[in-house]
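Both complexes below contain subunit A, partnered by subunit B and then by subunit C.
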Partner chain A sequence: MKKLIDTSCSIETPEGIDFSSTIAGPIPRTLAYAIDLGWRCLIYLGIGLVTIFTGNVGVGFFLVITFLLEWFYPVFFEVFRHGQTPGKKALGLRVVNEDYTPVNWSGSTIRNLLRSADFLPVFYLFGITSITLSKKFQRLGDMAAGTVVIYTPQKINSLLDNEITPIAPSQPLTPQEKQAISNFTLRTSSISEARQVELTNLLEPITKSTGSEGLNLVKSIGAWLLGKK
Partner chain B sequence: MNLSELQIKPALRGKWEAIDVGILMAKRWFWPMLVAWAVPAMTVFLILSAIFHESPWIAMLVFWWLKPLFDRLPLYLLSRYLFNEPVPQLFNARVLIDIYRFDIFSALTWRRFEFRRSFNLPITVLEKQKGEARAKRAALMQFGCGNAATWVTTVFIHFEILLCLGFISLVALFIPSNTDWNFLNTIMEHPLIFEHLYNLIYASSVCIIAPLYIASGFSLYINRRVELEAWDLELLFRDSMLKRPKNNPKFASTNNIASHLALICCLTFSLISSDNLNAAQNDLNLTFDQTSRAAEQSKEQMLEIIESPPFVIEKEVTQWEWKSNNDTQESDPELPEWLENIEHLFELSDVMKNISVFFEVIIWGSIALLLFFIAKHILHNLDLSATTGGQKKGAISQQKPSVIMGLNIETESLPDDIADAVEKAVAQGNHRHALSLLYRFSLNLLINRYDLHLEDWFTEQECANAVKHSLEEDINRFFSALTRTWQLQAYAHLSPTDDAVLALSGDLKKVFNL
Partner chain C sequence: MKQQDFENVYVEGWLHFESQITNYKNEKSPLETTFPEQYRQICAQLSLAKQRHYSDDMIRRLNSLVMAGHHILYQQENRVRIKQISNALYSFVRTLRDNYIYLSLASILFVLPAILAGLACYFDETLIYSLISPAQVDEIESMYNPALDKIGRERGSDTDLAMFGYYINNNIGIAFRTFAGGIFFGLGSVFFLCFNGLYIGAVAGKLTSVGYAVTFYPFVIGHGAFELTAIVFSGAAGLMIGYALINPGQLTRLSALKAAAKEAVKILYGAAFMLFIAAFLEAFWSSSTQLPIALKLGIGAISWFFVFWFCFFSSFGRRNESV
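== the complex of A and B ==
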């Protein structure tokens, strides 16, 4: 059987701890780039409007600023803003080394200087192809610098229904079961009632009941597991 | 649709993550999807190009307009692959017509310009919904991820154009610049051929992008289904219930504990009834035997494993070889020649010698400098302590401590004849008082006669150190002996013998010339 399709990738530390993160693919990265490009264009426009009236000195200044921004805008944000340019932040992305340590000066500089390779032949075609084809969604610059773009973990902010009275489970549960039941309790608002009953009927060995009675019991156990006492 | 056969890791993902999973799906089943898209599409495109060969733009427009139809078959295939289901006979005309014909009118008219096309497509193709029901279903599904679906379409439209232009400019980049053949002129002379060529390149780019586009939208749709129907939870629930057999291991373990308890009870009872004592002991010995035998066995097994290949690599060597210096021999050979060459070429041996002398001078020079600085540092410190001592002397003459460590050491508080007072105290058996007198008296002398710098916050040890650094050896010896004795008496309540106290008293006289 082939491996199940998944974008998460885990790294094992020497201490035997698994760190798992989800790697970001071409679409969100393209959008993040577009946002950054938009910001840069706004800056160029602003500076251009100011310097257009100042003759050659102004043009020189404009060119220097353009050069610096074009090459070091991402480096600055990646090193000083936890690997997130404004575009990446908007999409919830982050640049890290392949072992999920924060990216440093050399890594960030390499990956951004090699944009010139990704840019070929027009507008990042090689970069997009490389991201799509490579195993860890890396463009050429990422491969050279040994970096990946991952999603920053998002907090699920679903609220627990206050009407549920927490009940302690009557028998010991495995960690997997605990996780499943508490996830279910948190997600009940997006699942239809009939489906909820269908799902909780599967848990009959734990609840010893079916139907809406079983559903309520599972929810109560979930609330208890989530720390409501 | 069998959930347990789902080929993606069941989990509720964010919308962007779901799109990435779509990319992976497209990568895994790229070729079948490409064929399913390209064969009908390119056939139609070529026929259209042949019909409208005078005006290729019409062919392109019609081809472009029909794109939603071409997307259907790959999506159908993908939905089968996703659940690891067998693909029915594709060349069954009825199935194909059914797929393409369903709700074709609205798909090609007002819904042609739908921006969430790839996301909505499964509702039409797989759920077979149309009209009002489709609109309702789409609205429900799009909640929370609709804008991501829009972005998928937007981005992939750009990717199509990018791929097309990129290919053309890549070819252009590889045309040598000094050839006579002028690319642009040729194009200008035959604009129709160029247009057809461009159409072909564009259609091919669309073919390549299509599986990615379809799979991205489909994956987003699947993720929404996972959210609404909790597929991942169903699989988790089923899985954990399967892992929970009738004899739950946890219950088994509690049973174990119970049986252990019972066993312990039995043992105690049998111990109480002395008849069974021996039997029980035999039992215990037996189990010990068993465990030790098992341990030996496992040890043997471990040894076997450790002595087998991955841990021990044996190889036969039939040649003589140097025991050590292997590495240097391997890396050396080039270096001497190289150096010799250099010496030959430039006759640099003298220079080399000079260089070595130069470095020798530098090394010795730096050692000398280092020594100089160390000496300077030490001298400086000595100076400093001397001067500070001097300064403090002045300060002390103004302000000598009258109490150290809570001991009053003023002359008035001490008896005139110290030896007599000590003897009396010893005779009374009050060693503490005797030693206290001796200690205070010495401190008083040290401060007043020798102008020793002591502060009222000094500890015994600090006083002793001050004496050690500033005064002559016999005073130091006496004072440190006194300090030790006093500390033992004061803190450890270990009284010295009478003789020892008297000896100290005698030493005091001798040392301070009283």
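== the complex of A and C ==
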């Protein structure tokens, strides 16, 4: 089968298996950054409003908080909150090392100190260029720290429809064909009826029928392939 | 084995594994001692499921279980304890000494422009204006005017805390940027080191030439011991990652960069700590006008001596070799 291009990336674990994760691209990361920026601005505004009445002591406090938030807000969340700043959490993203282990102090510090290099010359131009050009969507800081931003796995609950009666396929199928048919059968709840029919019409050489009859036959074969009795 | 039979056999284990992880994350119960074993079994089931071409959903479900287990099994200790902090200090000192070449280079890049600019601005009064805007020069001059009762930035009596915030924000930011610039093949670090050298040298030269030395040097000597050295250290850390990119040796550029960054960040932990001390001194000690100048100069000299001794000659970097 031709290798398809997608954003998933596999690594080999010490257990000797490959497992994969989807790497997040520039758009979700920019959005996550925007959310974090919004939160930070809210905090500045809040503290600013309080400290405006407390004179110079307040100003000092405000400046220290600004410093900490600008440089260490992401470090804090990445180290103590499973690699997720509030913005990343909202978009289902997470920072991990390149071997998908949780990020530690050193990795997080490197990637966030180099943020100021990514920011150059204006508004993360280097960072975004680097994300777009690199294989694993890494900005400069990610490259130096050896980290990637991945999607956290979504909960999956696809259930096989109980109504379907399994039917054995009338001819041998290749593993890829089997997989495609069982995937389709499990996914029917998320595809419109018309599209389902359209897709199964393509399988006319196998099902020898079209329309809803063909659809039902494909689903039955799928159920059989999945092992429904 | 068909997919549904496979699922029926193992689903109980998956659910158990899942709930165990949820409980662990919510700190309700610790992990079972058989957790690694369960994890390995699920790993094996994932590769089986892949090899048997089970549906994508099944593979993804197992994949996410493996991911969750992987994150827990291979996580590192992130809690901050006294031991971690002292280890960070050890490795700071040791990394500094191991990388004396970068340190020397960074010092030259900082000190040489400072001396040149200092001499030039001392002998030629107009030269400073090609570096710093006239308004800023005026501001700096008025800060260190011996006629004032408070030196440093203009301040009342309760502004020490405000200045502390300002110094933290400004100076540590400069140091961090000096480091970050290193990723552009070291050029950023070179630029920031030279620029800061020039700036500080020019200010020193100018203030000396107009006769403000009596307020300027006692003011800067104390916190300068920590601040200037820390900026040079950050620059050296930046040069380390820059040089790794220029001459990666046997490694690929990317792995050389990663290895260098891992080393460089150890220096930065220490540099950040030193800058914190510097900000504290600058706000609460250096600015004081009640203290006699001799005392400030003395304490300042001791600070310099201490910083150099601690970083390069103390037994601190030789201890705890195994960490």
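Going forward, the second predicted complex is superposed on the first by the 157 of 229 C-alpha atoms of A that agree within 3 Å, B and C clash if a C-alpha of one lies under 4 Å from a C-alpha of the other, contacts with A are read in each partner's own complex, and residues count from 1 in each chain.
Rule of thumb we're sticking to: contacts are C-beta pairs under 8 Å (C-beta built on N, C-alpha and C of every residue); 3 or more make two chains touch, one makes a residue touch a chain.
Since the model is a prediction, treat every value here as computed from it, not as a measurement.
K.L.:
Output check: A:Asn183 vs subunit B and subunit C. Expected answer is one of first, second, both, neither. What do you get?
P.N.:
A:Asn183 sits against subunit B and subunit C alike.
K.L.:
Pick one for A:Val75: touches subunit B only (first), subunit C only (second), both, or neither.
P.N.:
In the superposed model, A:Val75 contacts neither subunit B nor subunit C.
K.L.:
Of the partners subunit B and subunit C, which touch A:Phe19 in the superposed model: first, second, both, neither?
P.N.:
second
K.L.:
Determine, under the contact definition given at the top, whether A:Val148 touches first (subunit B), second (subunit C), both, or neither.
P.N.:
After superposition on chain A, A:Val148 lies in contact with neither partner.
K.L.:
Name the contact category of A:Ser106: first (subunit B only), second (subunit C only), both, or neither.
P.N.:
Only subunit C is touched by A:Ser106; subunit B is not.
K.L.:
Residues of subunit A touched: more by subunit B or subunit C?
P.N.:
Looking at subunit B versus subunit C, the one contacting more residues of subunit A is C.
K.L.:
With both complexes overlaid on chain A, does A:Val95 touch subunit B (first), subunit C (second), both or neither?
P.N.:
neither
K.L.:
Just checking: does A:Phe67 make contact with subunit B only, subunit C only, both, or neither of them? Give me first, second, both or neither.
P.N.:
A:Phe67: touches subunit C, not subunit B.
K.L.:
Touching subunit B in one complex and subunit C in the other: list those residues of subunit A.
P.N.:
154, 176, 179, 183, 187
K.L.:
Contact residues on subunit B for subunit A in the complex?
P.N.:
For this pair, the touching residues of subunit B are 6-9, 11-14, 16-17, 19-21, 23-25, 27-28, 151-152, 155, 158-159, 162-163, 165-166, 169-170, 173, 212, 216, 227-230, 233-234, 236-241, 243-244, 248, 250.
K.L.:
Touching subunit B in the complex: which residues of subunit A?
P.N.:
2, 4-8, 22-28, 30-31, 91-92, 121-125, 128, 132-133, 137, 151, 154, 171-172, 174, 176-177, 179-180, 183-184, 187, 190-192, 195, 199, 202-203, 205
K.L.:
Please name which positions on subunit A make contact with subunit C in the complex.
P.N.:
13, 15-21, 55-57, 59-64, 66-67, 70-71, 79-80, 82, 96, 99-102, 104-106, 109-110, 113-117, 140, 143-146, 153-154, 156, 158, 160, 175-176, 178-179, 182-183, 186-187, 225-229
K.L.:
If we count contacts the way the header does, which residues on subunit C are in touch with subunit A in the complex?
P.N.:
Against subunit A, subunit C makes touches at 1-6, 39-40, 43-44, 46-47, 50, 53-57, 60-61, 63-64, 66-68, 70-71, 74-76, 78, 156, 158-166, 168-169, 172-173, 176-177, 179-181, 183-184, 188, 241, 254, 257-258, 261-262, 264-266, 268-269.
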